[in-house]
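Next come the structures, one after another.
Each of the next two complexes has chain A plus one more chain, namely chain B in the first and chain C in the second.
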Partner chain A sequence: MSVRTEGKDAGSGGDTLGRDAKTPVLQVEHLVKHFPVRKGVFGRRVGEVHAVSDVSFEVFKGQTLGLVGESGCGKSTTGRTVMRLLEPTSGVVRLQGQEITAATNPRDLARDMAFVFQDPFASLNPRLTAAKNVTEPLRIQGAGDAAQRRARALELFAHVGLREDQLDRLPSEFSGGQRQRIGIARALALSPKVVILDEPVSALDVSVQAQVLNLLKRLQAETDVAFLFISHDLSVVRHLCDRVAVMYLGKIVEIGDRAQVYDRPLHPYTQALLSAVPVPVPGARRNRIVLQGDLPSPVNPPKGCRFRTRCPKAQAICAEKEPELASRTGAQLVACHFADDDRSMV
Partner chain B sequence: MVAVAPVLDISDLTVEFDTPEGTVRAVDHVSYSVDAGETLAVVGETGCGKSVTVLAALGLLGAGRIVSGAVTFGGADLLDMPAKKRRRLLGHDLTMVFQNPMTALNPVMTVGRQVAETLLVHEPKMSRGTARDRAIELLAMVGVPQPDVRYNQYPHEFSGGMCQRVVIAMAIANKPRLIVADEPTTAVDVTIQAQLLDLLRVAREETGAAVVMITHDLGVVAEVAERVAVMYAGRVVEMAPVEQIFRSPRHPYTVGLLSCLPRLDRDVSELIPIPGAPPDLRDVARGCPFEPRCEMSAARSACQNTRPPLMPADPNSVSACHFVDEVESWARARRGNVEEAA
Partner chain C sequence: MTASPATSAAVAPRVATRRVRYSARQKFLRSTSGLIGTLVFLVLVVIAIAAPLIAPDSPLKRAGDALQQPNAHHWFGTDELGRDLFSRVIYGTRLSLETAVGAAALSCVVGLPVGIVTGYLGGWVDAVIMRVTDFVLAVPEILFALVVVATLGSGVFKLTLAIGIGATPAFIRLARASTLSLRDTEYVLAARSMGAAKRDIMFRTVMPNILPPIFVQIVVTASVAILVAAALSFVGLGTPPPAPSWGGMLQTSRSYLYQQVWYAILPGVALAITVGALDAIGRGLQQALGTETATKASGAMG
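Up next is the complex of A and B:
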C-alpha cells in the first residue's frame, strides 16, 4: 500500500494529468476514504471498506471529467468526499487553489461547488415548490430578498428549459426528466465553478436522457462551469466528457483524454470494460474480453494489483507489486505493469 | 415465418388496470409471436407495457384485467387453459428470468437444492443422487465456480450476477421451449452483463428454445435478437428484423430512439432527443399515441384523430404510422439538419 500512484508531483507545471498550462479548478490529491466494518452487539470495528484508495485527478474550467467504473468501485464515495458530504480519511482537495479542510465553512464551499444526485426526487424537498427548491441555496446564503430570488428562479427555469407556469408546482407534479432539470437548476443557482453530478441521467429513459445531456453541454458552453460527471454508462461518458478516469476497486486505473481512453485503452480493465458494452449495431464483430468472476470485496482488496484476480494478463509480479499510475504515452496515465505490452486486445 | 407454428403467439392482447385515478390501458391490442430457436427482442421505454404483456400472456398478472386477445403456446390456448395445467408448463416448458433474481430464488433453501428440485418436479422418478449430479453440472455450465461447494450455499452467499446465473440454470434445466427474459441484465454491471448474455445465447443454442428478451437497451437488442418489436404507450409501433430496425427504421419513434443514443463506438456530434416525455397511460392521445412528440406529424389531422393500425411497411416489417412512406426521407432530412447546424 506504500506505492504512490502518481508519476510525478501533481501541479508541477506541465501536463502530468493531461492538460497543458491550464490551471485546474478542482484538484484532488491522494484522496482516501475508508468506512469501518463493525460487527457484533458492541459494534466492534473488525475491518475497513477501502472505498477510495489514493485517488488523484484534476478538473479544468469549462471541461468535464468523467468518472466511470462498475458498481461499488468508489465513484460516489469519491464525489461525496470531494464535496465534503463525507469527511475524507486523508488526502487534499483544492478548489481554485484553496485547500478545503474540515475548517472550511460549508456555506463558502457551497458557493463554488454544487452536487446533482441520481434520484432527483429524493434530493428535492417535496413540500417546497419548484421555484423555492431551485433557490434554496440562495436562501441559505442569505442572498437577495424574496422577489430577487423569484427572479433568479425564473432565469434558472429558462436556462434549463422549464416554463414559467411551472414555477409554483410541487416536485411530485413533474416527470423524472423535469425533476432532474430542477436539480440541475438548483445546482447552478449560485453560479458555482464546479458541479459534481452523480449518475444524473441513470434513472431517465433514453429519449429524456438525451435532452438532459444536451442541456448539460449547452450550460457548460454558456457558463464555463466544470463538471465531475460520475456514471457507469460508458457511452454517455464518451458523449459528454473531455477526459475520463476509470476506477476499479477504489483506485483510478487509467485516466486520459476521451479519445485516448476510448480509442486506445491501455489498461486491461479499461479494455475489458469497453469491450463488454453492447453497441447498437447488429452483427458488429467485436473481440469481447469476458472477465471471469466478480469484483473482490473492498474490505480485503487483493494485494499487489487490485485487478489481478480478474486480469487476463496477470503475471506473478502483479501479486507482489502494486503498479503505479504513471504516464505511458504523454498524457494518458495507466496503472499496469504490462500496459504497453499488447494493444491488440480490443 | 414458414409453415411451422410459432412457439408463442400473442394476438390482439389488451390489458387494463383499474386505479383510483381511472383505468390504465397498459397493453393495447398487442400482437407478436416467436419461433423455435429465435430471439425476439421487445424494446421500449419504462412503462410502455413490455412486462405486463408477457405477464398477462403467461397468466401471471396479479391485479390487471385481460380485456381482449388470444395467446397460444405450442398451439395450446394459454388464456383458457386451467390454471393448474398452465402452472405445470411454467418452470418446465416455459420459463422466465426476471431482472431481480431474488424473486425466483428461495432465500432459505440452498442454491443447489433449488436447481435439483426444479429437475425433480419435472421428472419425479429421477433419483436424488442423479438430480444432485445434474444440478452440479448445470451450475458448472452457467459458470458458477466450484459448483460442488457452491451447491450447498444459500442465495445470500452469492453475488447478484451469480444469483442470475443460478436462475438461468433453473430456466434451462428442463429444456424449455420458451424462455422469457425480462430485463435480465438491467441490474448488473456491464462485465457481468456480457457474461450473462453469452450464457443466454449458449442456453438458446443448447435447448433450441424460443426467446423473448425484454429490454430497454438497444445495444442488447442488436447483440441478441433476430427480430425486434418496438413498443410505445402500450402498443407495438414497429416490428422488423434486427438489421432493418437499426438500418432503416419505419416508425418515427424508432427513428427518434436511435438518434438520441450516445454511442460507445463512435463520436456523435449531437444527440437529437425526442421532445417531451412518454404519456401517462391514463391520458393517451386520441389519435396516434406518439402524436404529441412526433416531429414528422406536423399536427396533421389524421395523426390527431385516428389511431394508426399496425400495417405492413414493406415485405419484412410492420409499422403503426399513417405516413410510413415518409419516414425514411424525413429521418434523413432530420439527421442532415442537425449535422449542418453542428
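Up next is the complex of A and C:
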C-alpha cells in the first residue's frame, strides 16, 4: 500500500464502526489545477489556465454533494483531478482519511473510488460485451475467475435494472439510458465508497434522466455510497443532492445544504443562476437577474473577486480584496463581501 | 481533450440509431468486391498450398523441347530451357504469397505494437520513433528494398525482410494515429479510472479498437509486397533463378517475345489476378469498416 496514512487515522483497518454520516469519506483541500498554455515551435510556456483554483469540499458517507456551475467553470476538471485522471498542481485529496498522492497505486484507488462519465456512447469499450464492460474493474483487480465475474455482472445488472439476456450484447445494441446504467453498474462493481458522476444524465432525454436519477437515489440508499455529482443542471442537482457547491471560474463561491442554497442563496452568482431556472407554474412571475458580459478567461482571471466583472453588487473593495469562503449562517459558506445583504430571490 | 476545462454546454441530444445494424463481417460479405476478392484469394491460397498436386511437372526440371506453344501436354507451353510454364506459374503463386504474407506479417507484428506504444506514451519516445519512421517513409519502398537486397544479397527470405522493413513505418504511423485518436476517449479514461496498467490499456483496450484500419493496411501491404517482389525479380535483384518467380519469368520472357508470347503474358496475368484480388478485399474491408469507425468516432466529453 502506497497510500500515506495520516496520524489521526492511524488505525485504519477499513472498519466502518464509529463512522457516522458526518464522517467525510472524501475530503478535498485547496485543490489547484493549472494547465500550461504553450506557444510556438518549442512549446514555450506563455501562461496558465487556472481551471481549478483552491477548491475545498467534503463528501459525506451515504450523501451526495452536487457541484454546479456553467460551462468552463472547472467542475469536470475538479472531478477528474480528484479521480487522478489529471495530476493536481497542488492540494490534498483524502479518501477515508488517507491522502492520495502521486505514489498511490491507481489500482488501490479504484477499489474505493469510481467514475461515471458523461457520454454513455463513448464511455463503454465497444469491443467488450456489456457483462465484460461491467466487470472490467474486477478483471483489473484480478478478482475472481470468469464464472464469479459473470455472477457479479448478473447481480449488478439486476441492481441497475437490466435483464440477464442483455449480458452478452455489445454496447452498440443498447440505448443511451441503458448504456448509462451499464456505466453505473461498472462504477459500482467493486462496491466503492465514493463515485464521481460527471454530468451522468446531461446526454440523456429528460424522461430517461429521471429514471437514471431515481436509480442513483435507490442505489445510494441501498449501498450507502457517497456521490460527487457534477452537473450544470440546477433542477437535477436539487432532485438528487444533499449538499450543493456552486463553482464560478475555478472557485467555489457558495456551498451548503440543498435547502439553504436553493431557498436562501447568499452569493449573487447563485442568486442569478437560480433566477434563471424556469418555474413550472403558468403565469408565475420571477425576478430574473440577467448577468452582463461573458465568462472571463481562466488564463487571466480578474483580480480580487473573480465574479466582480459580472456582479450586480460589485464595489471597489471587490477588485482589491478576494472574499474568503466563510460562514454566514451555520453550515452555509459563501465567498462574497456583501453576502449578508439579504435578497431572497425566486 | 482531457486538458480542457469543463465544457459542459448542453450536449446535443444523441438519438440511438434504431435501424438494423449489420456487423462488419456481414457488410464485408455483402459487398461484391470483398466477396469476389476473398474467393479468388482463397483459390490462390489453395493453389499455393497444393502446388505439387496441381502442377503436372517439376518447376525446375526440363519437361520437353524449349519454347513450345501451349499444347495438350504443356498447357502454357514451355520456356527457353524446356520447363513446363504452367507448373512454374503454379509454383510462382506459392513464392508470391509467401513474400506477401511474410512481409505483411513482419511489418504488422513490428509496426502495430510500436505504433500503439509511441502513440499512447508520447513524449521523447514518440519523437525519436517518429523521426526514424519519417526517414524510412521518405525513401520509396522499392528503392528501400533495392538497397537492402543490394546490401544483404538476394533470396526469398531477404527479399521478404526488405519489403517488410520498408512497409513497417506505414503500420507505425497508422497505429500511432489511431491510438492518439482513442487516447482521450471516455472508455480509455474509464480504463484509467479503474486503475488499469498502461500495458493493459494499450493492448487490451486500445489495440482491439484500432484493428479495422490495420486490417486494411495488412491487405494493402500484401499487395504492394507482391508488386515490389516482382519488380525486384524483374531487375534481377529478387528471387534468384532457377526459382519460379513471376517477376523473374517476366524478365526472361522479354528475350523470347516473338517465339513464345504466352511466356510473358501468363505470369503477368497471374500477377494481375493476385494483386487485383487483394485490392478487392481491401476495398471491401474499407467499405465494411468505414461506417463502423465513423460511428465510433462520435463522442464528446464534458
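In the analysis below, the second predicted complex is superposed on the first by the 322 of 346 C-alpha atoms of A that agree within 3 Å, B and C clash if a C-alpha of one lies under 4 Å from a C-alpha of the other, contacts with A are read in each partner's own complex, and residues count from 1 in each chain.
The working rule: a contact is a pair of C-beta atoms (placed from the backbone, for glycine too) under 8 Å apart; a residue touches a chain by one contact, two chains touch by 3 or more.
Keep in mind it's a predicted model, so treat the numbers as computed, not measured.
When both complexes are overlaid on chain A, the residue A:Gln220 reaches neither chain B nor chain C. Applying the stated contact rule after C-alpha superposition, one finds that A:Thr135 touches neither chain B nor chain C.
Of the two partner chains placed by superposition, chain B and chain C are both touched by A:Asp205.
Contact with both chain B and chain C is seen for A:Ser175 once the two complexes are overlaid on the shared chain. In the superposed model, A:Thr270 makes contact with neither chain B nor chain C.
Touch criterion met: A:Ser71 reaches chain B and chain C at once.
Touched residues of chain A were counted for both chain B and chain C, and C has more of them.
With both structures placed on the common chain, the touch criterion links A:Gln260 to neither chain B nor chain C. Of the two partner chains placed by the overlay, only chain B lies in contact with A:Pro280; chain C stays clear of it.
In the superposed model, A:Phe117 makes contact with chain C only, not with chain B.
Overlaid on A, the two complexes show chain B and chain C touching the same residues of chain A, namely 70-71, 175-176, 205, 232. Chain B meets chain A in the complex at residues 45-46, 145, 159, 161-162, 189-195, 197-198, 216-223, 225, 242-243, 246, 256-258, 260-265, 267-268, 270-275, 277-278. The part of chain C that touches chain A in the complex is made up of residues 2-11, 13-14, 16, 21, 185-187, 189-197, 200, 205, 208-209, 295-296, 298-302.
The touching residues of chain A, counted against chain C in their complex, run 35, 49, 51, 69-77, 80, 83, 85-86, 105-111, 114-115, 117-119, 121-127, 136-137, 140-141, 172, 174-176, 183, 186, 198-199, 202-203, 205, 230-232, 250, 298.
On the chain A side of its complex with chain B, the touching residues are 70-71, 175-178, 205-211, 213-214, 232-236, 238-240, 262, 272-284, 288, 290-291, 293-295.
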